[in-house]
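For reference, the structure discussed in these notes is given below.
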Amino acid sequence: MKVSARNALSGKIVDLKKGTTTSHVVIDVNGMKVTASITNEAVEDLGLKVGGEATAIIKSSDVIIAVA
Amino acid sequence: MKVSARNALSGKIVDLKKGTTTSHVVIDVNGMKVTASITNEAVEDLGLKVGGEATAIIKSSDVIIAVA
Amino acid sequence: MKVSARNALSGKIVDLKKGTTTSHVVIDVNGMKVTASITNEAVEDLGLKVGGEATAIIKSSDVIIAVA
Amino acid sequence: MKVSARNALSGKIVDLKKGTTTSHVVIDVNGMKVTASITNEAVEDLGLKVGGEATAIIKSSDVIIAVA
Amino acid sequence: MKVSARNALSGKIVDLKKGTTTSHVVIDVNGMKVTASITNEAVEDLGLKVGGEATAIIKSSDVIIAVA
Amino acid sequence: MKVSARNALSGKIVDLKKGTTTSHVVIDVNGMKVTASITNEAVEDLGLKVGGEATAIIKSSDVIIAVA
């Protein structure tokens, strides 16, 4: 599968916190932390767990640019 | 200024393409390319140009997780 | 590849309009039209064209519910 | 009321799961499941319940395209 | 129609700039400017023009909080 | 710090509700309520509390336009 979203950052899951409906997944991408807020259902469906490989996919229109 | 968005990826602007209303900005973050689709007005307001420093800010709820 | 996004609607591309930086892709999903606004770069990278098969992927946090 | 969002998928609510602050609503749209992650406050305000009619509204810029 | 999105800011359209596929609409909400990036198709479908009344609708999950 | 997001609405926090992973923050902006759904981690990191000053930042591509 190929996706239109321009950003794909791969790494290892270093943290996973489940809420009642929403989970937070943290991926370590070359030393940078990337956090995703996804449904608990997705966590189970994808079998996510700390130590596993995962990719953060982000649409360009969801990226804000900041300058100092 | 501090923002609630959990993801901030800093680097150098390596590409900048202006459309009629929307621009695409590509930042090199430690060798990874991150693309943002923003308004032309923002490009001018922030004085973005190739070679400049910039940070990509992404809200956790906009991050999708993929596994192989 | 498996994604955390809970919504995947598959169909055939029935319209594709390119702007200077942003394209609009319309998929016919069982008679319903689904429109996506994506980068021109993605259109080329995925080789999208009218008549081709494609899937619209949507994160649950991007879905608004309306009632009459 | 008319909205700029190009995608409106109508159906019946088939599942509704409340978390502490965030609810997941699943609509059956012609046999396809569409999941929305919305605030509990919205669920109460709109009087959503399983069996009720509802429409999923999605902005084109939130739709990702995937190809096999 | 009632929507789950928690934010609705009403005002008058004070600027409207059309691109090749994407338009920018600026609403004056009690003296504050709110900018929306929407499809040209939506501009035509809703008959938007400078001076007209319009409401900006924003999902809570798309709002970032910043502090000084 | 300057951001590309075109919308910044400043006010006072009038409500803050914490869930297991996700919090809802309500800002009063000149009498209008603006709700943000953010991570609990962000609430702690920014030290948000009722009565404090805060700014809601919203990307133009996340704004939907509605007309009566």
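Letters A, B, C, D, E and F name the chains as they come in the text, with residue numbers starting at 1 for each one.
Simple rule for what comes next: a contact is a pair of C-beta atoms (placed from the backbone, for glycine too) under 8 Å apart; a residue touches a chain by one contact, two chains touch by 3 or more.
What you are looking at is a predicted structure, and each value in this text was computed from that prediction instead of being measured.
Relative to chain E, the most remote chain by averaged C-alpha coordinates is A. Relative orientation of chain A with respect to chain D corresponds to a rotation of 120°, obtained by superposing CA atoms and rounded to a multiple of 5. Each chain gets a centre from the mean of its Cα atoms; the one farthest from the centre of chain C is F.
Computed from the mean C-alpha positions, the centre of chain B lies at a distance of 22 Å from the centre of chain E. Each chain gets one centre point, the mean of its Cα atoms, and the points for chain A and chain B are 17 Å apart. Averaging C-alpha coordinates per chain places the centre of chain C 29 Å away from that of chain F. Within chain B, contacts with two or more other chains are made by residues 1-6, 19-20, 22, 24, 35-39, 41-42, 46, 57, 59-62, 64-68. Within the complex formed with chain F, the chain B residues making contact are 1-6, 36-39, 41-43, 45-46, 57, 59-61. The touching residues of chain F, when paired with chain D in their complex, are 17-20, 22-24, 35, 37, 61-62, 64-68.
By the touch criterion stated above, chain E contacts chain F in their complex at residues 5-9, 24-25, 27, 29-38, 42, 46-48, 52-68.
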